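The structure under discussion is supplied below as structure tokens; questions concerning it will follow.
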Amino acid sequence: METQELIKMLAEGSVDTLYMTLVSTALAYVIGFPMGIALIVTRKDGLKPMPAVNRILDIFVNILRSIPFLILLIAVTPLTKLIVGKSYGSTATIVPLVIAAAPFIARMIESSLLEVEHGVVEAALSMGASPLKIIVKVLIPEAKTSLIVGCTIALSTILGYSAMAGVVAGGGLGDIAIRYGYHRYQTDIMLITVIVLVLIVQILQEVGMQISKRTDKRVRG
Amino acid sequence: METQELIKMLAEGSVDTLYMTLVSTALAYVIGFPMGIALIVTRKDGLKPMPAVNRILDIFVNILRSIPFLILLIAVTPLTKLIVGKSYGSTATIVPLVIAAAPFIARMIESSLLEVEHGVVEAALSMGASPLKIIVKVLIPEAKTSLIVGCTIALSTILGYSAMAGVVAGGGLGDIAIRYGYHRYQTDIMLITVIVLVLIVQILQEVGMQISKRTDKRVRG
Amino acid sequence: MNPIVEFKNVSKTFYTKNGPFQALNQINLAIQEGDIFGIIGLSGAGKSTLVRCINYLEVPTEGEVRIAGRDLGKMNQKELRRQRQEIGMIFQNFNLLMQRNVLDNICFPLEIAGVKKADARKRAEELLEIVGLSDKAKSYPSQLSGGQKQRVAIARALATNPKILLCDEATSALDPTTTKAILALLKEINQKFKITIVIITHEMAVVEEICNQVAIVDAGKLVETGSATDVFSKPQTEIAKQLVYKEEANQLEVGGKRYVRVVFDGNSSFEPAIADMILNCRVRVNIMGADMKNIDGKAYGQMILQMPDEDVKAQQAIHYLEERNIIVEEVTAHGNTGTH
Amino acid sequence: MNPIVEFKNVSKTFYTKNGPFQALNQINLAIQEGDIFGIIGLSGAGKSTLVRCINYLEVPTEGEVRIAGRDLGKMNQKELRRQRQEIGMIFQNFNLLMQRNVLDNICFPLEIAGVKKADARKRAEELLEIVGLSDKAKSYPSQLSGGQKQRVAIARALATNPKILLCDEATSALDPTTTKAILALLKEINQKFKITIVIITHEMAVVEEICNQVAIVDAGKLVETGSATDVFSKPQTEIAKQLVYKEEANQLEVGGKRYVRVVFDGNSSFEPAIADMILNCRVRVNIMGADMKNIDGKAYGQMILQMPDEDVKAQQAIHYLEERNIIVEEVTAHGNTGTH
Amino acid sequence: GGKENKADDKTITVAASPTPHAEILEAAKDLLKEKGYTLEIKEFDDYPQQNVVVDEGEFDANYFQHQPYLDNFNEEKGSDLVSAAKIHYEPLGIYPGASKDLENIKDGAKIAVPNDATNEARALLLLEENGIITLKEDAGLNATKKDVEENPHNIEIVELDAAQIARVVEELDFVVLNGNYALDAGFNVQTDAIAKEEADSEAAQTYANIIAVKKENKDSEKIKALVEVLQSEEIGKFITDTYEGAVVPMK
């Protein structure tokens, strides 16, 4: 392949990858965040104990977590078509990506919020704060650091999933790496592609960690 | 397919899935746990600040996190053969699974340990504890709950990866679901397989959450 | 009139893996509006648990807690929240939000109460001024000293002008000077706004200084309760005596072989100089003789005191008097030997 | 002999987003082996920061901290760790391990020091007994009261028999009775093992009771230091006076219009009953007249006291004396009116 | 590992794709047993690894690919696998989606092709054969849509996973499908395909699925036995009956 062509392909791949990853992550948070919060809030020792709801939600999350991504990809085809109008291409990939990532994110959120010290929640309770206010003003801000680190992990996990986008002609770097490196033994293209992928992950990771460090006020100094 | 045959296939698939998932997770922890700890310890504000080591480790983890699993699967074939003697089958799948999961686990561990309150680390420092002792006796036990929840998340993520085992004839439920549901359009078999998968994830999740609740001593009552 | 806080047969049992533990045992208690109600007791007696029942952070396993006649246990969540908004609380371990700076921590209850941002900020700044932390407005809790954190917690609890203020050792991390300022503040808001204050403390001086009612908790039981006057003047139970009488005084050295003559020559004002010396220097002097007069607000006369043998104490006491223009002369077996 | 702890021009500046903050300013200080060294000062003065420099939890930005003559800044990690093992610390906010029960928390420093498990357990149980928490051995910190947590922290700091013990408000969460027991314990280990104790406290009574040396920190500067006797008998600076003299005493009501005659008829032992009354009940009585004798250890004689008008106080004082078999008679303008 | 397999010359180990290869092998099991051989089949979901395991000696043979794919593999990896026999071929067909008329294909029509190396180039060639596009001359078996030289109708080529194509048929104008996927998806290659690789065509010869083995094993007894069975009447009938023309036995 000519260098120019390669560069063009990598550029397109990067755009596709970033597009799928960032949009999917954002949307997955839109769904997964409330789910994670609901998982915490409805616990037996939560702000609004609702064991039945908690149980159902828990099972629902587990179901989504259990389905292999490829299966999910095809299972949601009708939904994808309904939402984005077609069931292939990078935009179409976003739907299954979101559905696969949302429960993962819910679990990450659950794990982060679990770590918030009970004392500050009590302080808020003593002020007559509603569960919603406690979530918005205590749980989330106090777990901020952990949530941001979790987001970084989620981003690279979703980026990993997006490598499967090729199945539905979604494109992206992962697809290029698989297509050329795996199916067509063009190790050089694969290597370059993986390097670009590494760079992207490195940047996302770095940004996430920096934000988490910057915004963390718990450490002395 | 006959019922009996189906049951046999599902039983085998479950065994393969559990085998791959549990063994891979265990081994991935063997590698990922020290990596996660090293990531924490060598931070600028860590117990043994080593910025260069931290940077290298960070990049190394990111590289592994960036490579699409399918590529990894193939790229490590020589290693797989070296270790398990053959490059196909469920045992062979464990090698790439471990390599893919270890950096994920490292990040999860890093995130959990970051949440340990600085005060208790200081207490240990004031007693003249070595970094190793602080890791073993303070960081890990105090982050216990979060680590266990993280392990539960890791388990189901690895179980998700294991669905790709079919590429190297690794078998397992994910492979069955993909093979029948995706390649052969036999939705019924796929559905049953997914149900079994859900059950497995549900059990793993339940066990993890129970342990984390049981062992958490921070909550009142 | 209904008491503002009322406990009816309140018990609280914690169920732990090592068996149940009864932290409160059949507590009956009434706190009237405008009271400054002190709760004292040994460590682990159940004071915090009791106070935490007042805003239902701890739900009693038995009995009723009533605020202004209404049973908290019968309220729905919304009513309980509204009730809690009228009860401020200073926690024993502060419970500040670690990710908010000092100013925002104080704004926090105001945000919850729905106060406008600008107003909340203004109020928070006022309070910061009062607790002497204006320069730390932008600091985070992790950058504060123990006492500073406690002052933020105090400011936070006062922010919404609560009707009831629960203080769980609100001055334990504060030096005497700051403590005094805080107590004065509490007294002031109590008088100005008729705020009811419930205060747990280990410092009897605090109780004496501001409480009008006292309850003594021992091993989960309310063993004594009544006006501060009654409890402090006539403690009935062993535990009350232990707490009310400063046993430490009895451990100071008893007056020894050393005597001094204290001469008031009209240069010092007529004030209880000896009592002040005893209080401030904590010397157990024995008063052997005295003849005092008050002429135009000036003290005239003299006194013979038996001083402790311990030099430190004696020296400190003498220095104290001398600073107040009182002449102190050493006496040997009632004979004069020299002036300090 | 070298001082065991020595500060040489120690400064500590915290660099925050809101600019640098100098918490310690050119501190020079020497603590001798066997001292019980009190550090007092207002909230936020820099006491905790100073003490945290002693085990290098806080690394000074300037100057040297020497332990037994060796500069901590020049030690390698291993040496520093070994040094730290000999320095116990009680933190202002306890810093207990939340996932370990009480017993295991106390075993923790022993584990670090490499003590055998069985021995560690035995020692921990002893210490639990001493701090009165044997029944809470299997409890977790989240199940303890504030004072109980503090006692666990004390026991933990003592576990390894450190050569130096740093106490950052080690008794602030404790009631007077428990405080006394803990102070007695500290005194005992100080005398028995020559342990050097550095103690930050807001309770002057604590300093008086056990410290032989005192340093006063104000706004990061060491403003006064010396023997407890000197500092307490002749406080030089304004801040020292503020802390040393219990201003509160001066705020108690001054003796009023009410007089009582106190009669000692040989039924009470010859002890400074009036001084004790003043100390315990905190009444500022004015001693108008007195004539006392000590016959075979019994007190004979009488005294005229001007009592505060405030009924509570007067009543309490009278009750106190009567409980000690002393006759108290009300006097109007030096005339008798009746016995209580 | 592989060595044990070799040590036993009565056991034949074959790596294969699930459909139709593994199914055909399954049908051959009993026939081989009659000859005294035990056939062990391992199903691989994906292609490249199957050549690796044979090359490494872990398997005696594989059964999933056609000759050009194997040549390509050999070239890229420097290996020396050879075909022991052609067993069947799966005619690639162009099936109607939203449009039916291939002759008068509309401008900007969308056509799906499989995205894996075995089939994409072949699909593009089929399109070329039908006059829809032309490919660059050096476009070999690794051809992708990037190798399209002339595209007079400005058609859009959508590269999808082979198994996925059948699921999106109605969204596209035409799809190019492998026989077995078409079959599974409910198409009949004989009746539904608008255009296909004919059984007697060059393509059929070129893209016939082969049994690939290491060169030195080509003439071993067990491979001979395997080939013999797979090319037998019985298996031929099995294939014809089972796959209704989507899979055609080679003679």
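The chains carry the letters A, B, C, D and E, assigned in the order they are written, with residues numbered from 1 in each.
Here, a contact is a pair of C-beta atoms (placed from the backbone, for glycine too) under 8 Å apart; a residue touches a chain by one contact, two chains touch by 3 or more.
Chain-to-protein mapping (UniProt): A, B = D-methionine transport system permease protein; C, D = D-methionine transport system ATP-binding protein.
Note that this is a predicted model, so its numbers are computed, not measured.
Common neighbours of subunit A and subunit E under the contact definition above: B. Just to note, of B-D and B-E, the chains joined by more C-beta pairs in contact are B-D. Placing every chain at the mean of its C-alpha atoms, the farthest one from subunit D is found to be E. One finds 17 Å separating the Cα centroids of subunit C and subunit D. Each chain gets a centre from the mean of its Cα atoms; for subunit B and subunit C, those two points are 54 Å apart. If you average the Cα atoms of subunit B and of subunit D, the two centres end up 52 Å apart. Computed from the mean C-alpha positions, the centre of subunit B lies at a distance of 36 Å from the centre of subunit E.
Multi-chain contact residues of subunit E, defined as those touching 2 or more other chains: 48.
Within subunit D, residues 14, 16, 93, 142-143 each touch two or more of the remaining chains. Within subunit B, contacts with two or more other chains are made by residues 70, 74, 118, 178, 182, 218-221. Residues 45, 58-59, 62-63, 65-71, 74, 104, 107-108, 110-111, 114-115, 118, 145-146, 149-150, 152-153, 156-157, 159-160, 163-164, 174, 177-178, 181-182, 190, 194, 197-198, 200-202, 205, 218-220 of subunit B are the ones touching subunit A in the complex.
Here subunit A touches subunit E in the complex through residues 1, 5, 9, 73-74, 77, 81, 86-89, 166-169, 179, 182-186, going by the rule given at the top. Within the complex formed with subunit D, the residues of subunit C that make contact are 14, 16-18, 40-44, 47-49, 92-93, 138-139, 143-148, 150-151, 168-169, 172-180, 202-205, 208-209, 228-229, 232-234, 242-243, 245-250, 252, 254-255, 270-272, 274-276, 278-292, 303, 306, 311-312, 315-316, 319-320.
Subunit D contributes residues 55, 57, 80-89, 91, 93, 95-101, 108-109, 111-113, 140-143, 160 to its touches with subunit B in the complex. Residues of subunit A that touch subunit C in their complex: 117, 119-120, 122-130, 133, 137-138, 141-142, 144, 215-221.
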